[in-house]
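Given below, in the form of structure tokens, are the structures.
Here come two complexes built around chain A, the first alongside chain B, the second alongside chain C.
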Partner chain A sequence: MQEEKKVIVPGPAGYNPKPAAFLGVDLPPPGRALLYGEEVDEEKAMREAAKAMLTRGNPTIFPGPLVLWGWNAAAMEKAKAVLELAQEIPNCRIIPMPDYRPKYPKIDPEAEINPNHPNLTILHNKIEACIFVGVHCHYANLSLRMIRAGTNCFTIALCAEMGHEDAMVSLRDQHAEEIRRFKDVLVQVRNEMGIEWEPKLPPENPSLPKEDWTKITPFDFGEYAALLMPRRGEVVEESE
Partner chain B sequence: MPEQKVVEAEHLLLEAPRERKFITGSQAFAEAVKRANVDIAIAYPITPQSETMHLVGDLYAQGYLKDYYRAEEEYGAMSAIAGAVRGGARAFTATSGPGLLRGLEAIVSWPGHRIPAVLGVMTRVVNAPLSIQPDNVELAYLLHSGLVVLHAENQQDVFDFTLAGFPISEKVDVYLPVVVATEGFFVTHAKGYVDLPPEDMKLPPRDPYKAPVPPTDCEIPPARIQRDAPVQKSNFMSYLIHAVWQQEIWSANERARKWIKHYIGGLIEVVNPDAEVFIVASGCAAAQGREAQRYSELEGLNVGLVKVKSLRPFPVQELRDTLKNAKAVIVPEHNIVGWLAKEVKAAIPNSGIVVDGPKVYGGMTLPVELIMEEVYKAFGIKKEKKTLV
Partner chain C sequence: MGLEYVKISPGFEKYMPRDYVDLVEYGQFGKELDVMQMGQFKELVEEHPMCAGCYMAYFIRVFYAALPKPEDTIVLGTAGCARLALSQAAVPFIYGNYGDTNAVASGLKRALSIRFPDKDKDVVVMAGDGGLMDIGFGMTMHSWFRREKFTTIMVDNEVYGNTGGQESGMSPKGIQLKMAPTGKKFDKINAVELAQTAGCVYVARISPTNPKRIAKVIRRAILAARKFGPTFIHAYTSCNIEYSIPTREVLADARQREKKDFKFYEWMTDEVKEYFNEIEKKAKEVKS
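Presenting the complex of A and B:
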């Protein structure tokens, strides 16, 4: 790809850069992808995304609520696919975006990422390549813009809907099957680059306390205790 | 009510057979709502909107809508629309002039809340002095709010834009309210021919899970923002989140372009694209502009018409392309501030060719002769003024 064709590249892009949609970047039709703001074949975009995750520092996956919480069977399957992908990326970390509430007075940047100040997590962990998956489009767009403005991180969006103009690589209609296809492309690129890696799960999130679900009580939910809770052992297969 | 079968928006809007009816603009709004699988309508009456919402109330009585009520006033109506939509419902409301301005704080928060709803605006003079007559100065207030704003020329546009407004507003990459504006009385209370698809068809129901934000959850922004205002804290991060949030609203507005093209055939309509002089107009003024273009053609003058269907997103590139060889651009309007002329001037590189008018306001009609005077001036034709009395 010609250098001058690259509209959306890793930052820092500046104090308050224009969003990609203002720069004429359009979301691609089904079956196509965005690479640096240009519409390209999905395969080409996947290969470039794979290279970034394999070669840049501290590659990290940011799963959002749509894969973190077991809303339905499809979400659970998608979460499995994300874990399979993470296993194939050398030294990959997973830092969740469990919700979208601003974290005051201070976020724990090793424990989570937040759309109101995602750059703090990126900068603290020196993340140079990342994947957004399962984040609602509005919040993904806020995050991608702030990351491009203030960090040098290469952003990849695996979007279940139409994609994201402000990511360096945007793949649309990404569900479990498509994420597994991306994983296969990544393994292929990894092999071509001669990078040796035995699949293994990312390390446990260091900041999260060890969860002991056998001792949980309604009081652990604090002010949310009155909200609907699944019974212990209950698995919600499908929501309405 | 007839049994309605669900069909895709593409079929209902673009493919289904149509039957011609002679109806008012208010009826055209109601006919669109009838086929839009609307869950709830909430409004507060104000002339000239009242008739539309009465007709929508009739639709509720017939079983087309699940709920319908008169709110306490416009602020309450527009806030309730936000709540209903965030709760997963498809909603329609409408207002006019002073009612629009009373509801404005709630309305302009819809884009930030990502509220996909359709708002009918039947334009009316903004007080004072009190008047109920058509004047579209109120649209100037909506142009900088992030909403998608469509401006209907006639009853047919009212129907098509309103029905298309729902799928456009609910696209995941848009997810903004869509305003369908038209001139009060001139369109709402006058009859015109409208080609309608069968009334036993309706849009698919809204899927609130196909959205760029989660459905109702008061613990996430923007709901929580209203409750404990965390992004209002004075630090750089709070400024930054608000900045990119605004960018997202206007990016979404940009993304509406392709859906407007898809469902209503483009942001503008051009008559005689090779003209020397263009009339650029929106809404009812476009109907008068259309007549002026026809008169000009009869007189052998090379005049074109650009009807602006979408005020937001604004058709900047389309206007640049269409007007690149124009030697004059006449912008007739139904308001004193000339908001469309300002928009056109800002869109094209040679803004000096734009004639800011003719403008009428306060409920005055816009005679074609007034536009023709500017056409003659543009061609350097001197006409004798006729004394009427």
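Presenting the complex of A and C:
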């Protein structure tokens, strides 16, 4: 592909970049894909996506709620396919996006990604290539544009619907079977590049330590501790 | 909606953040938990950006702990303080435009009853005095006139707290606020009486000093809305910033108001009363 045809490239594109749709990028028709904002053959886009995941730093998969929660048989099968794909990417990580609610004061960027500020997770973990899968379209669009604005991450969207213009590679109609096909292409590219890798699952989520419900201190009540703690001179009766 | 949405896909258990694993394993979904067990289970809302000492935040926390079926509930809110915490809870939340919450809730409840005719799907509106009795007054009243089957909870802080302290229809007469320095000229709207007249089948006024009572009122309002019609709870949730109540005095203030104009009041139609007698009798029998 010629350099001048690349419309959507890894950022940082700067604050509030023009949406890809405004730059003339259209969603691909069935059987086709988007590569750097240009409509191409699906196989070609898959190979470029595979190269990015195999060569760029800290490749990560961001599964969304449609994959993480076992709400029907197809979702569970898709989840299985995503794990199979993750096994084949050397040093891949999985950082989930379990829902879209705003989080205050801040998310743990090593444990999760939030669509309202995805750059926190990407910059903290120095992620240079990522896959979005199972994220509802609106939030995928929001996140992908934000990532392009503020990070140098190469974004790949495995969309179950029509794709996303703001991703560097956008594959449409991706369900369990199609994700397995992408995995096969990735393995093929990996072998061609001479990268040796024994399939293994990514490391577990390094979440906060489990809360111990049996040892609660006044500090656990946060701002309400002041309401509970007896004041100087206050007599607290048993019958209160 | 439903329990399927709180079941982690096989294989992904070890990739989920601890918060979510706890929510599934020790949370309220699919369980009958008592509000007095708070602290022993993973709550639906924990962190929130509301002011220190905010009594509304406390009420919202108890509200979520009291939901009879959180996995089958949708909460609606609007501009105002409450939505700051409501949007962070692990229950679907819809943010309506200012004033249209009860209209959105009407459509949503009807759609849910068409889509899931054999299941109970609860819709709860929780908005402030501005959202329900001032700007949203028309839509609130009309949802009651139409006998829409959902619960409306007014978290009444008696002021527009988000925008600098303007008086609302629910501010007490004579009160001077930061953006209403000459004092309010007319009385507080009698929301409870309006709700009764407009067709609510269950109405309660509460100053949230007793978590068990709050839970009982919320539960009753939701259960009655499922079967009979609109229900309404008027809860006093002081704004300690605009009313300059020291954090330590917030609970004392709620108790004081409970003795004056926020005395506990509960009203229901005869058929609702009969229904509660029946289910509460059954629950007692199961316990014994």
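Definition applied: the second predicted complex is superposed on the first by the 207 of 240 C-alpha atoms of A that agree within 3 Å, B and C clash if a C-alpha of one lies under 4 Å from a C-alpha of the other, contacts with A are read in each partner's own complex, and residues count from 1 in each chain.
Assume contacts are C-beta pairs under 8 Å (C-beta built on N, C-alpha and C of every residue); 3 or more make two chains touch, one makes a residue touch a chain.
This is a predicted model, so every value here is computed, not measured.
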item	value
First (chain B), second (chain C), both or neither touched by A:79	second
Touched partner set for A:63, first chain B, second chain C, both or neither	second
Dominant toucher of chain A (residue count), chain B or chain C	C
First (chain B), second (chain C), both or neither touched by A:197	neither
Contacts of A:99 with chain B and chain C, given as first, second, both or neither	both
Which superposed partner A:27 touches (first chain B, second chain C, both, neither)	first
Touching both chain C and chain B, counted on chain A across the two superposed complexes	99, 101-102, 104
Chain A contact footprint on chain B (complex, rising order)	114, 172-173, 175, 210-214, 219-221, 224, 230-231, 233, 237, 240-241, 243-245, 247-248, 250-252, 254-255, 258
Residue numbers on chain A that touch chain B, as the complex places them	16, 18-22, 26-27, 65, 99-102, 104, 115-117, 120, 136-139, 141-142, 145-146, 149, 161-162, 165
Complex interface listing, chain A residues touching chain C	63, 67-72, 75-76, 79-80, 83, 94, 96, 98-99, 101-105, 108, 111-112, 202, 204-205, 207-211, 213, 216, 223-224, 226-227, 231
Of all residues in chain C, those that touch chain A in their complex	2, 4-12, 14-22, 26, 39-40, 47-49, 52-53, 58, 84, 87-90, 93, 247-248, 250-251
